[in-house]
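You will see two complexes here that share chain A, one where it goes with chain B and one where it goes with chain C.
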Partner chain A sequence: MKSENILNVTELLILQELMNIAFGSASADLEEVLDISIDLKVPAAEMVPVTKLKKYIQESMALTNKSSMVEEKFWGDFNGSAILVFPVEIQKNIISLLSAHDYPATDMEHIEGMDSGVLLEIGNILIGACIGKISELLNTVVTYSPPSIGSGSSSDLDFFIDKFEQPSSAIILKMEFSFHQKHLNGKIMIITSYNSINWLKKSLKLFMESYE
Partner chain B sequence: MKINKILLIDDSPIARIILKKCIPMEYETMEADSGEAGLDALNVFKPDLVFLDLTMPGMDGFETLERIKKLDADLPVVILSADRQKASVSRVLELGAWNSLKKPPSPAIIRQTIKDIAGSQ
Partner chain C sequence: MNIPQLIDMIDVGIITLDSEFVITGWNRWMENNGKIPEEKIVGKSLFQEYPNLDNSWFRRNCSSVFRFGSFAFLAQKIHGNCFPFEPASSFHSDFEVMQQDCTIGPVRNEKGDIDQIFIVVKDVTQIAVYEKKLISMAEKDGLTGINNRKYLDSKLIEEFERHRRYNHNFCLIMIDIDFFKKVNDTWGHLCGDEVLKKVTSLIQERIRTQDIFARYGGEEFVILLPETELEDGIKLAESIRKLIELEVMNSNGKTFSVTISMGISAIHDGIADSKDLLDYADKALYEAKTSGRNKVVSIN
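Our next item is the complex of A and B:
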């Protein structure tokens, strides 16, 4: 791979900070809409060859057949896919994330069975706000697919990874978080297509130059 | 109060570069890349103002703020963080932060904040 076709350490650090800002903004949106608070952790940015992407996602997202995964694609200058992964325990506790204020005990029976809907909504808010904020900071706009839900199974992951062109590399932005006082964790990963790289390099430079 | 020295505590080198570019040249700055390093820098650098991030590995910004306030309750600490959740903003204000600003910083807001703090005591 030519050096001009990969992101250098500084560019990855800028992306890491943008991810930090974007997920911080997304968590505020989630608090506003669903009254769910999140404890944020430090993000990471790296490049991973598409041939190693499946193993990388399985390991870094601790995916199992029982994980829940919300996926959303995005298109524009900045394009790729984002996934939000929750561990198996989330399925038993997802309703507990919603505040009693919004869903009083008497209504709880009506929302049982809506676990997937709640996960989709959380995924939609976090992924949409996160991608939206990165796009805004890099002065572009993106369009989104509706979110879809899957498991961490090998076949679901194959379907997801097929979209990324081999033998290129994918640009990965990831962050862990936990739901405040709920002992539940989640992980978000934004996987950017290799064909965004030239635009990304230019935009990251412009972002830093805006502070000159 | 007179502000000459400003301590920037953030684990992200990019965040520190951006913040430094927002601070007028007339101020002397020192950078710390963790809460622990920030606390060490307090004794050596003796800042008049601290800008502090919240999400950091090791000692996070909440704990760093708490410790700074125990060491020097009068030292103004401005939180500069991506975490804009109301719960986080309320918590830092309760812990004694002077203000809580969102990332990325705007040069105008940083300059105005420094001016406000200088004129406040």
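Our next item is the complex of A and C:
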């Protein structure tokens, strides 16, 4: 792999710092949007070969067949996919937390897929907040495809990973979120496309220069 | 062609709103379907015109777009519609209002700040109609119009789970039309079909809306009675038996009557799963058939 096609250790550290700033700002805004206190923490940035992506995601996201995984693609100079995983034991609590006062009771009872809809909506907001804040700091604008929901099964994950070009490497930005006082948490992973790397290298340089 | 022309010609609704939810743009599709001209709605509050949108989920999604520059997707499957317009075609009579998928996104000014948002409204009524028909075809019996066995099986599992979690009682009645083969052989299969339709319609009128009534196969039917004790199930079964017995059937100028046999069982701790309950009711039905027919037998 050519060195210009990978982020070096310093660039990964700058990216991690940028995520720290982005998520600090995102959590304050999310609190206002969702009316729930939220912590975004443990940001980390690393590069993972696409051939090892499946095992990496399964292990670091603690995926099981019963997990719910929301996936959303984003487009622009900064492009790729984000996945958000809700552990199975908290799904019902997240649904009731967000939908209790929002949706008419009759709809909740009669619309099939309502639970998935609530998870998609909260997933879309959390992913949008994280990517939106990172894009803002990198001085670019992204657009999004509608999110989709799947399980943490091996076949659902294969379908997701097949979109990434092999034998390239993916830049992984990962973080954990938790809702204060509700004991609810989950994980978000932003997987940046290989074709974003050159743009990202330049943008990270500009980002650092703005602080010098 | 310039962009404003395109926005008016495109086959989706486009609205723009400022941060106070005041309408700043309203394209021709919105004029045609909302029946409000652009000049009469621009400058007005969205919530004044469409109070149904003044709720936390809509505000939450719009706020996230303003704050993060992200998109929000309001799917028809969850929300039905955002704008209560009449369906665009008379072929969409399954729905009283147009079914819509809506996308909300940011509009940036020259400085790159988000000072407005857009809403794209897509008419998905036709897709929703097809989906509804497909679901119906997968769950309904083609001849009688009542639920099919696949639907019953899924509801039975759900009801069993409810019993396991909350200890809710329920009963199951298995029904068989007596000497149905004789009806077919004597009066023909068309007449047999009429009997099946008549029996189902009589039973359907007698049961509650929350009861699940399904064709189990051939001339066999099942009624699942949620929140019902065995004694109440037996009373209902007996009333249905009498109702069918007294009904005079007419088909092709011929008049005759039929009877039914019923086996009934209620959930209890000794029943391991939903199949067990069906087995109990089936055994009770067998006893009703072998001990003279036109009767209700219960096993618990």
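Simple rule for what comes next: the second predicted complex is superposed on the first by the 191 of 212 C-alpha atoms of A that agree within 3 Å, B and C clash if a C-alpha of one lies under 4 Å from a C-alpha of the other, contacts with A are read in each partner's own complex, and residues count from 1 in each chain.
In this text, a contact is a pair of C-beta atoms (placed from the backbone, for glycine too) under 8 Å apart; a residue touches a chain by one contact, two chains touch by 3 or more.
Computed from a prediction, not measured in an experiment: that's the story for all the values here.
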item	value
Chain B versus chain C as contact partner of A:Ile149, first or second or both or neither	neither
First, second, both or neither for A:Ile21, with chain B first and chain C second	first
First (chain B), second (chain C), both or neither touched by A:Tyr211	first
Contacts of A:Leu13 with chain B and chain C, given as first, second, both or neither	first
Residue contacts on chain A - larger count, chain B or chain C	C
Chain B versus chain C as contact partner of A:Ala62, first or second or both or neither	neither
First, second, both or neither for A:Val48, with chain B first and chain C second	neither
Partner chain in contact with A:Glu31 - chain B first, chain C second, else both or neither	first
Contacting residues of chain A [partner chain C, same complex]	26, 29, 32-35, 101-103, 107, 111-114, 117-118, 120-121, 124-125, 127-129, 131-133, 135-136, 141-144, 146-147
Chain A to chain B touching residues, read off their complex	10, 13-14, 16-17, 20-25, 27-28, 31, 37-38, 40-42, 137, 180, 208, 211-212
Contact footprint of chain A on chain B as seen in their complex	11-15, 17-18, 21-22, 54-57, 81-87, 102-104, 107
Residues on chain C engaged by chain A in the complex (per definition of touch)	55-57, 60-61, 63-65, 67-73, 75, 77-78, 80, 103, 105, 108, 112
